[in-house]
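For reference, chains read A, B, C and D in written order, and residue numbers begin at 1 within each chain.
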Amino acid sequence: MSYAMQLLDSYPRTFNLEASLLASTIDALNDCAQACTADADDDLSEPDVAEMVKCIRLCLDCADICTTTAAVTSRRTDYDPNVARPLLEACIAACETCAHECELHATMHVHCRVCAEACRRCQRACEDLLTSLR
Amino acid sequence: MSYAMQLLDSYPRTFNLEASLLASTIDALNDCAQACTADADDDLSEPDVAEMVKCIRLCLDCADICTTTAAVTSRRTDYDPNVARPLLEACIAACETCAHECELHATMHVHCRVCAEACRRCQRACEDLLTSLR
Amino acid sequence: MSYAMQLLDSYPRTFNLEASLLASTIDALNDCAQACTADADDDLSEPDVAEMVKCIRLCLDCADICTTTAAVTSRRTDYDPNVARPLLEACIAACETCAHECELHATMHVHCRVCAEACRRCQRACEDLLTSLR
Amino acid sequence: MSYAMQLLDSYPRTFNLEASLLASTIDALNDCAQACTADADDDLSEPDVAEMVKCIRLCLDCADICTTTAAVTSRRTDYDPNVARPLLEACIAACETCAHECELHATMHVHCRVCAEACRRCQRACEDLLTSLR
């Protein structure tokens, strides 16, 4: 069981959301942040780094946004949808944009293929969570 | 001149945005992140900490979101409005929500009054930047 | 296979370190950051929040330090031990201090027991990585 | 007066450290994080980006470490030198290493000169704070 799930399981209050859905979104967000941080670095090591500049930039953005979204959605105390909803929308947009760019390099660079996959998984998880949020 | 402005001044390419507007927004974002991080900690030191739980939580969210928004808006290379616009909207919402909560404690706690001010300033700066973004 | 491992597997250059050791450390760092972020929030929801203030504070520190250490150790390009070594030492100290505090609450709060476990696992992983670093 | 200073001024407890020294260190840390984030992006826009890879990598590290150090040193509640001291040491090392690299490019790129200056200022501020810490 992931730490996200274990900590939701031991949360002292109740919350109006399925714990397993929330935990798998948090896991997808942390995975995507990790994939984007590492992919930006992998791009920096490529001989064609000048071609990878846009990919590096979007990976840095996506890593920052996913890390923040994981932290905000992990907090259940005095949850406020006015903060969570637009942040999830911003995160979906960042994952979509980063995935699209990484997919352009996926046949050339395995790390971009893996990163695109992490972004798409995270995008879908955030979309599912957003649908469930009240 | 702030470091945000000095670094925009020495950016190697051109960008379709007024540098001083962008720099003052980045400064307001970094100020707000600092105010929220410190206010959450000030709240933790109050004898009535149990009354400050919602304020702590929103300050932690707002600090994370402002730090990320400062980083993303600082990056000019291969700028993509599909990432920047929804993130600025999320940041405006976070600043609005956090300012509102801090204002409730402003007469009781000076640190909450100062934090509310930083949040409102940041909110307005992000709104102005969003209007200028293409 | 974790995203940390998949991305190390597809890194374009070679690096002077066992990939599985590095990947499991990065995973432990991300797990610990997640556990600490959630535990700080769980503490905020406890009726005895005034007793948990030190725990909240150390969890916030440990989450920030683990997130940064995960990012820095994930970057392999132009790796510099002068940056990585002292950061790992700081991370070990933060995990040690946070685990110690969480252990004091472990019989009372399940979330603190789980968080202490994540901190100890991360501490050991960072110690192992530090031993292997050149 | 900076927000760091305003928030320290309104901190509800006392702390065993000169507020102005602490505030100026926090300001130097936030300035350095901003300079490094922007310099990494400026490097990505340079025609000779392949020569700037090491600089980009060290700026990303230094930005992450300064942001975390600013947050940890901003928290005064239940302050623990076992966490703060090694983190300041890691931050000094990161600023030193990043400044050294940026100085190599300072005559070629104004943004690297400005970033090196921010790193050196931050390094000195952290050294001074470390000397004062008990």
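Keep in mind that, in the parts below, a residue touches a chain if its C-beta (ideal position, glycine included) is under 8 Å from a C-beta of that chain, and two chains touch if they have at least 3 such contacts.
All figures in this text were calculated on a predicted structure; none of them were measured in a lab.
Asks: Rounding to the nearest 5 degrees, give the angle of the rotation that lays the CA atoms of subunit A over those of subunit B.
Replies: 180
Asks: Indicate whether more than half of the residue numbers at the subunit A-subunit D interface occur in both copies; give same if so and different if not.
Replies: same
Asks: If you tally contacting C-beta pairs, which comes out ahead, C-D or B-C? Let me know.
Replies: C-D
Asks: Which chain maximises the distance between its CA centroid and that of subunit D?
Replies: In terms of C-alpha centroids, the chain at the greatest distance from subunit D is A.
Asks: What's the distance between the Cα centroids of subunit C and subunit D, rounded to whole Å?
Replies: 21
Asks: For subunit B and subunit C, what's the span in angstrom between their mean Cα positions?
Replies: Taking the mean C-alpha position of each chain, the two centres sit 27 Å apart.
Asks: Which positions in subunit B are in touch with at least two other chains?
Replies: 41, 44-45, 53, 57, 60, 67, 71, 75, 77
Asks: Taking the touch rule as given, give the residues of subunit C at its contact with subunit B in the complex, in rising order.
Replies: The touching residues are 40-41, 44-45, 49-50, 53, 56-57, 60.
Asks: Quick one: in the complex, what on subunit B touches subunit A?
Replies: These residues of subunit B touch subunit A: 53-54, 57-58, 60-62, 64-65, 67-68, 71-72, 75, 77-78, 80, 82-83, 86-87, 89-90, 93-94, 96-97.
Asks: Going by the contact rule set out above, which residues of subunit C touch subunit A in the complex?
Replies: The contact residues of subunit C facing subunit A are 2-4, 6-13, 26, 30-35, 37-39, 41-42, 44-47, 63, 67, 70-71, 74-77, 109-111, 114-115, 118.
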